[in-house]
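Going by the order they are written in, the chains are A, B and C; count residues from 1 in each one.
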Amino acid sequence: MILEVLELLGVGVFAISGALVAGRKRLDLLGVVVIAAVTAIGGGTTRDLLLDRHPVFWIADPIYLYIILGSAAAAILYTRRFRPPERLLLVADALGLALFTISGAQIAEESGLSGIAVVLMGTLTGAAGGVIRDILTTEIPMILRRGQIYATAAIAGAVVYLLLQGAGVDRAAAALLGMSVVVSLRFVAIVWRITLPVFVLGDSDRDAE
Amino acid sequence: MILEVLELLGVGVFAISGALVAGRKRLDLLGVVVIAAVTAIGGGTTRDLLLDRHPVFWIADPIYLYIILGSAAAAILYTRRFRPPERLLLVADALGLALFTISGAQIAEESGLSGIAVVLMGTLTGAAGGVIRDILTTEIPMILRRGQIYATAAIAGAVVYLLLQGAGVDRAAAALLGMSVVVSLRFVAIVWRITLPVFVLGDSDRDAE
Amino acid sequence: MILEVLELLGVGVFAISGALVAGRKRLDLLGVVVIAAVTAIGGGTTRDLLLDRHPVFWIADPIYLYIILGSAAAAILYTRRFRPPERLLLVADALGLALFTISGAQIAEESGLSGIAVVLMGTLTGAAGGVIRDILTTEIPMILRRGQIYATAAIAGAVVYLLLQGAGVDRAAAALLGMSVVVSLRFVAIVWRITLPVFVLGDSDRDAE
């Protein structure tokens, strides 16, 4: 039940984030819808294929596709009239990351995966949709941009979710707190541009090639 | 039966389109074959994985791989002697898009998917091979180039295919008409450079970054 | 048994190669780990999904994920103190390519695939991890760079492996020889910059666009 709500919300916000990125690329209207759809279902589809869950969530229930159509339409209409708030995209993306990371971790948990695999599955589920969106629209994937704490936020959220449950915290509460960690870290990264230590190889002059 | 023929044709034309794109990139000969293969089987493989159809079509029957070898060899030999007609690539790609879009829609239909999921599955099946080809060869995906009406053509073809069947038209006839819609829209887009309304966000100065 | 060892080794060397490539891109530390993980498990995961082998190898046994963590940490620590040997990356990548190509071919063989499908599955298993790594880090995929004999090395190794077995050679010996072919071809290509004939279309002036 809680899982379904997470899933529906995550699909909606990622559809909006996909539509906004596509809008910057001067796609035609249906192209925007396709990018919105792929962004919204990419992470959950990756999760379902890896865990052999069939039918895949959006095939089992077409409501996800209607949510995508509605969200993309809303994003298009809104930005027709109003200047798109610069940060709306980042906020939608952070929420989608949080929702799918924890839903991916929960489903991996229910499939009996080990702790480390639960964390990786959560991260993949959260990040895959945005990565596919960025690759298709030839943006540098957000996961790679400096000072974004992107994969890090997903990993930290999934770890907190697991640790809290290990410490006896209620599952729904642990999920909410895990999501809060993801969103907070992303916001901290965006607002204060705080970064993790960066790993740089010695030959930095290579980059100049 | 009709499905198999569509599939064989689609594999052949996408293999040619993959070999031609790879040829522009100065790959070695076997690299060209790999790109041809991935282009040709990418869409159908995506479809089979999403619908849990195993074995995947080219694993079940190696004839597809022989067709790819033959088509890639033909494309290489032809372009050794003759100047490649500039539009041959676009024609091969349009045919592949039409054939795989409708075959994907038909298989999704047979799996009992809802109408909207049939359209998305057809579009993914048609477009995935070309998208993978473009990503691997670091071209901007054709789905994204302005005035290409690419995803739009696939969506329109799949919708027409479903509507015609709903109106009582024979399935094979509906399939042929759906494919004609895809190919016609692509040709119209290519020849007259007609475009759908483009969705552009207000902050177009961002693009200058 | 031999398969498991190949798999463990392949995961380790691809994790190192992923961490080294990510290190050039100034990712944060956990981002480096994610790229290392995706590089290391990408090929085997592609193979398992295509062959419907569930649970996927790294879900079935978390030891692979611990090997990735350890390899990525070792790569990061080593390059903190010592200048990264320019060729270490290429060597790790060549070994990973060889190990996964043959392990992919072996598993495809055991699944009863035809010879041509065994070769393609081996090539995909070997090359997919590196391709995903290069796409995520926005490098031109190594499979595409001139004079790399990349897909070619994988195809040749898989073919030699099959031919030797056909000639009555012991399976483990055929596997070792197949891997030697892959590594040798990569080294020849890297050291002497020997290339296969390149397939170039006539209109080379297009590239200047």
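Just so it is clear, contacts are C-beta pairs under 8 Å (C-beta built on N, C-alpha and C of every residue); 3 or more make two chains touch, one makes a residue touch a chain.
Being a predicted model, the structure only gives us computed values, none of them experimental.
Q: For the Cα fit of chain A against chain C, please give the angle of the superposing rotation, nearest 5 degrees.
A: Angle of the fitting rotation, chain A to chain C: 120 degrees.
Q: Answer with same or different: of all residue numbers used at the interface between chain A and chain B, are over half used by both copies?
A: Mostly different residues: under half of the interface numbers shared.
Q: Roughly how far is chain A from chain B, centre to centre by C-alpha average, rounded to an integer in Å?
A: Distance between chain centres: 28 Å.
Q: Specify, in ascending order, the residues of chain C that touch 2 or more different other chains.
A: Residues 49, 135.
Q: In their shared complex, at which residues does chain A touch chain B?
A: Against chain B, chain A makes touches at 20, 22-34, 37, 45, 49, 54-56, 58-59, 62, 65-66, 69, 76, 79, 83-84, 86, 135-138.
Q: Taking the complex as given, what residues does chain A use to touch chain C?
A: The touching residues are 49-52, 113-117, 120-121, 123, 127, 131, 135, 140-141, 143-144, 146, 149-152, 155, 195-203, 206-207.
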